[in-house]
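Structures incoming, each one as structure tokens.
In the two assemblies presented below, chain A is common to both, partnered first by chain B and then by chain C.
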Partner chain A sequence: MPHASIDKAAARLRAQARWRPLEIAFWLAAVASYFLMPSWHLILAEVAILGLFALSLDLLLGYAGIVSLGHAAFFGFGAYVAGLIAKYGLVTEPVLALVVSGIAAALVGFVTSFLVLRGADLTRLMVTLGVALVLREIANRLAITGGADGLQGITIGPIFGVFPFDIAGHTAYVYSLVVLFVLFLLARRIVHSPFGLSLRSIKGNSLRAAAIGIPVNRRLIAVYTIGAAYAGVAGALLTQTTQFASLSVLDFERSADVLLILIIGGTGYLYGGLVGAILFKLMQDWLANLTPQYWMFWIGLILVLIVVIGRERMTGWWLNFAATARELGRRLIGGRRLASSSTQDPR
Partner chain B sequence: MLTILFDGIAYGMLLFVLACGLAVTLGLMNFVNLAHGAFAMAGGYITVVLVNRLGLPFFAALPLAFLASALLGLLLERTVYVHVYSRGHLEQVLFTIGLVFMAVAAVDYVMGSQQQFVAIPSYLQGQFNFFGIGVGRYRLLIIVICGLLTVALQFTLARTRFGSRLRAAVDDARVARGLGINVNAVFAVTFAFGSGLAGLGGALGAEILGLDPNFPLKFMIYFLIVVTVGGTSSITGPFLASLLLGIGDVAGKYYMPQFGSFVIYTIMIVVLIWRPQGLFARAVAR
Partner chain C sequence: MTTVLETVGLEKRFGGITAANDVSLKVEKGARHALIGPNGAGKTTVVNLLTGVLRPTAGRILLEGRDITDLGAHERVRLGVARTFQINQLFGDLTPLESLGLAVSERMGSGRDWWRLVGSKSGVVEEVMELIERFQLIDVMYERTTILPYGKQRLLEVALAIACRPHVLLLDEPAAGVPETERHEILAAVAALPADVTVLLIEHDMDLVFSFADRISVMVNGTLFVEGAPAEVARDPRVKAVYLGEEAVHA
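For the complex of A and B:
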């Protein structure tokens, strides 16, 4: 009997992990953007990096239910590690440097995950915020990081020793997109594995998850470390593509921005961060042109509106992409969350 | 040495007045209000406008700053905050961060991004010597005002009818409702009062803490430290936490300037690991 249920569960997981046409279309569009929008490559690279950063938060928030106010800690750590190892010529090959930065951020994530496990939501908020602040303060004080001036004089070698970075960001975009895609595939594999399923159950109810034999703390530590590694890679990408790292990578605003990006896109189906990053950049471009200095006001207004109107409804209008994920969610939760079949136009 | 202690106490008292409203709202409604600092900033800017532009005396401006911030708090509580109480912590955080960002940008737009100074009267400036301790007059004033406020708060909470209602609501809102206490009204009044205190703190603290549009973001972490370290179940917890934080911060910046704010962040993290419920809190079963 137990074998039958295991087979059933495995079959269900496999069914969820199937590629949907919309997903394929999404990535094809990303590839097409390289050929169709050559003058946008700098911004697109930034979008890809933001998307990766938001994806890393989605792993924590959307799957494991960990609310973090200081996710920039890992982004910034990765950014500084990548900058330092490039500046002092420790690792000159970018992809290898990316791996090193990711591992470094993962280590920080692993160590701090024990702090995050303590206490409930509020304590978590405080600890994540505190870790980010401590790291920012360290980067501000240390001579090696250049303090408030930022880390200057970084030169990044060509990728694999073959493809040098160019000023128009062509290489940067391809590079960021490929890294994003590879890490996305990995994340997709993770969340559709039994491990990912156990994370969702912890998010749903950690007590019950523990009662059916899921090692809650170990799973949370694992996903926190993975999320930190992803964020670190995103930060390292930013340093490599801009050849600069400043204190702003550790700012509180960055942690808030990435939350906003993820919330705009929707949590818990991996594409939220990517779509959110695109929308965020578009909005930033548009609003910053209107009132460059007061961009912060509009971010604030959007956050307030999202909460007051309701996250589900707010993200509902473009959720054609997410229909697949909803279906998935409905199957998981057993129809508790009725999908409001929104036929509204995407503006 | 004692001067540092004195400055630290003044700083801590100020932090307490700024943050105690937050402690109560958090304890009462389990609501994470990251925008608390915005009310403090409002109080500070109101004082700047009243004193510097309209030429009101400093002491007349203080109560007005309190009243204006309290009104602002009441208004926002009744119009927007009420919609968010029932949401999860994530939504509350997003919502209040949004409010902070809006406040920061709006103040930047209206008042400019430069640091503002309140013209405090000349008899409050300078120091005098008291048995070899350099005592800043303005800091003494802060200690006196905040000390009186603390005593008044403690009295209100411990001895008055409203205080006992509030304590009942904090302990268990459902049972308090069942006993006929209008928890929402208690909460609205407390929220307004807490915002007013924050405004007063902002007005008093403009001189010491510095006042610019980034005030709510800069001090958000301090308020949160006070609340998380002190716990939300009493008023003495946040009070002691404020004093500790104030003295620790001033001493840390004086003796180890190269570490800056590093000291207090580390203290906070250590305390949170050691006692996630807060240093002075009793364990709340919720």
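For the complex of A and C:
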């Protein structure tokens, strides 16, 4: 075996993890947005948090193929933990509090992962949905969470004791963006590792994955726990940047929105959640101005179009919009042609 | 001769159907053992029981004397039992390079590794390339598996099992559906396995069975029926009856 081909194969395996120019441009644009759009910082912080939340779902859905309709459970849990430990002064430094919230959400993820392992997609949808509903109701009933009034009277200390949060959201945006970037780097590392590859293999064919020695359940538990931790950090970021946690962090709508965001942006390449969050917020803003009451109608319509275009194209459809539009036209027209031709040729 | 793989009174029921009934099979170390029988005899069920895809309703499975009945599929692979599937079970979105890289990484115990990049552990890529060369996959190693021609997919199917470095290899109709021109590649790869690797072959092609096997078990209606050396099995009137129909016996 010549060494050249071994080196080439090794290089090919590693090539997927190489930084592409578009990726670098994406993060440079994120940095530039801080300087160029100072009046947008509050909404940009929200986008970054939403993007992190969607990224956490991408780890589950895009890489391990775990569908969830209750991912807000972990987001909400992280949000309340961050609120409670700040309110009662248990952890006053935000970054440390963020870590604690992430670990707390990871624990909930770990425990509930055993339920999610049972059964196939429909079972998983129902179990995840159920877990989120249960948590929401607990938050609603407990006195300590403030019930329907939400958790009030939270004050968040300055980051590292140095950078206080401000009303215009400048600190909040930098803080959210840095946390997003750090966790993104970690996720990027994970998905390009042997562990990440084994997740993709489980998603592709769990029967064969087990038949080559992969402990399928253990890997799924691990990624579910990681995904829960990420979601928990996103929730904690929301609490810290808004100094408030309400029941809405555990709403079904939040679980549905994050799925929507991920589908809009595309699954399985890590940027889908981030791009989806940007598009979702832009659409929300733009469509809400256009037709204040009916913006969900447009979101729904766009979602249907994405699904009509097909699963294959769900990954990165926005990268090649023209081709996607053509494909959509072809599907719609082609579908009709197929229907009419089938009457002549009954095969 | 020592027994490597043994089943004791293995039984599997699906509702009212008994797919495997009191199957007691002994596979000797280094054997080329074939399991034959008509369609629906329960051969694949036995492979699924042996590999942990299915749990038996009753009975035990012993690997080198150790009871593995309650072990999960992946644990049995680690103990050296690997299989191929009658219908390809591959990773469509991965390339042969990635698929084999994964199998080799898992075997070397670095599958949990979440920090290092794929292919950076020394020895993995070397071994993968050796497999790719052996199974004639070099032209397609960077292609997504789903677009490979059927014959290449079949080779990858076998290569993935070999990548686990099994002591016992269960081949479920490895040449099924492979065009005549590509058959010899798979058969050559199987024939080239080290002598100490025990092979249990399920196959319908009798030419292949009789040229390959040194021991044959015949299964009918979920039950082991006849077992013996190829020549004995070929002579056995009951086996002929099963394959030619009951009339042949009564006539």
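The rule is short, and it goes like this: the second predicted complex is superposed on the first by the 295 of 347 C-alpha atoms of A that agree within 3 Å, B and C clash if a C-alpha of one lies under 4 Å from a C-alpha of the other, contacts with A are read in each partner's own complex, and residues count from 1 in each chain.
In this section, a contact is a pair of C-beta atoms (placed from the backbone, for glycine too) under 8 Å apart; a residue touches a chain by one contact, two chains touch by 3 or more.
Quick caveat: nothing in here was measured; it's all calculated off a predicted structure.
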For A:294, decide between first (touching chain B), second (touching chain C), both and neither. first
Using the superposition on chain A described above, determine whether A:118 touches chain B (first), chain C (second), both, or neither. first
As a test of reading the superposition: which chain, chain B or chain C, is in touch with more residues of chain A? B
Between chain B (first) and chain C (second), which does A:17 come into contact with in this model arrangement: first, second, both, or neither? second
Taking the superposition on A as described, I'd like to know which of chain B and chain C A:213 touches: first, second, both or neither. second
For A:152, is the partner it touches chain B (first), chain C (second), both, or none of the two (neither)? neither
Just checking: does A:133 make contact with chain B only, chain C only, both, or neither of them? Give me first, second, both or neither. first
Could you look at A:248 and tell me whether it touches chain B, chain C, both or neither (first, second, both, neither)? neither
What residues of chain A sit close enough to touch chain B in their complex? 61, 67, 69, 115, 118-123, 125-127, 129-131, 133-134, 137-138, 140-141, 252, 256, 259-260, 263, 293-297, 299-308, 311
Would you pull the chain A residues touching chain C in the complex into a rising list? 1, 5-6, 9-10, 12-14, 16-17, 189-190, 192-198, 200-201, 204-205, 207-217
With touch defined as at the start, can you tell me which chain C residues reach chain A in the complex? 51-53, 72-75, 77-78, 82-83, 85, 89-94, 97-99, 101-103, 105-107, 110-121, 125-126, 128-130, 132-133, 138, 141-142, 160-161, 163-164
Taking the complex as given, what residues does chain B use to touch chain A? 26, 32, 80, 83-84, 87, 89-95, 97-106, 108-109, 217, 221, 224-225, 228, 258-262, 265-266, 268-269, 272-273, 276-277
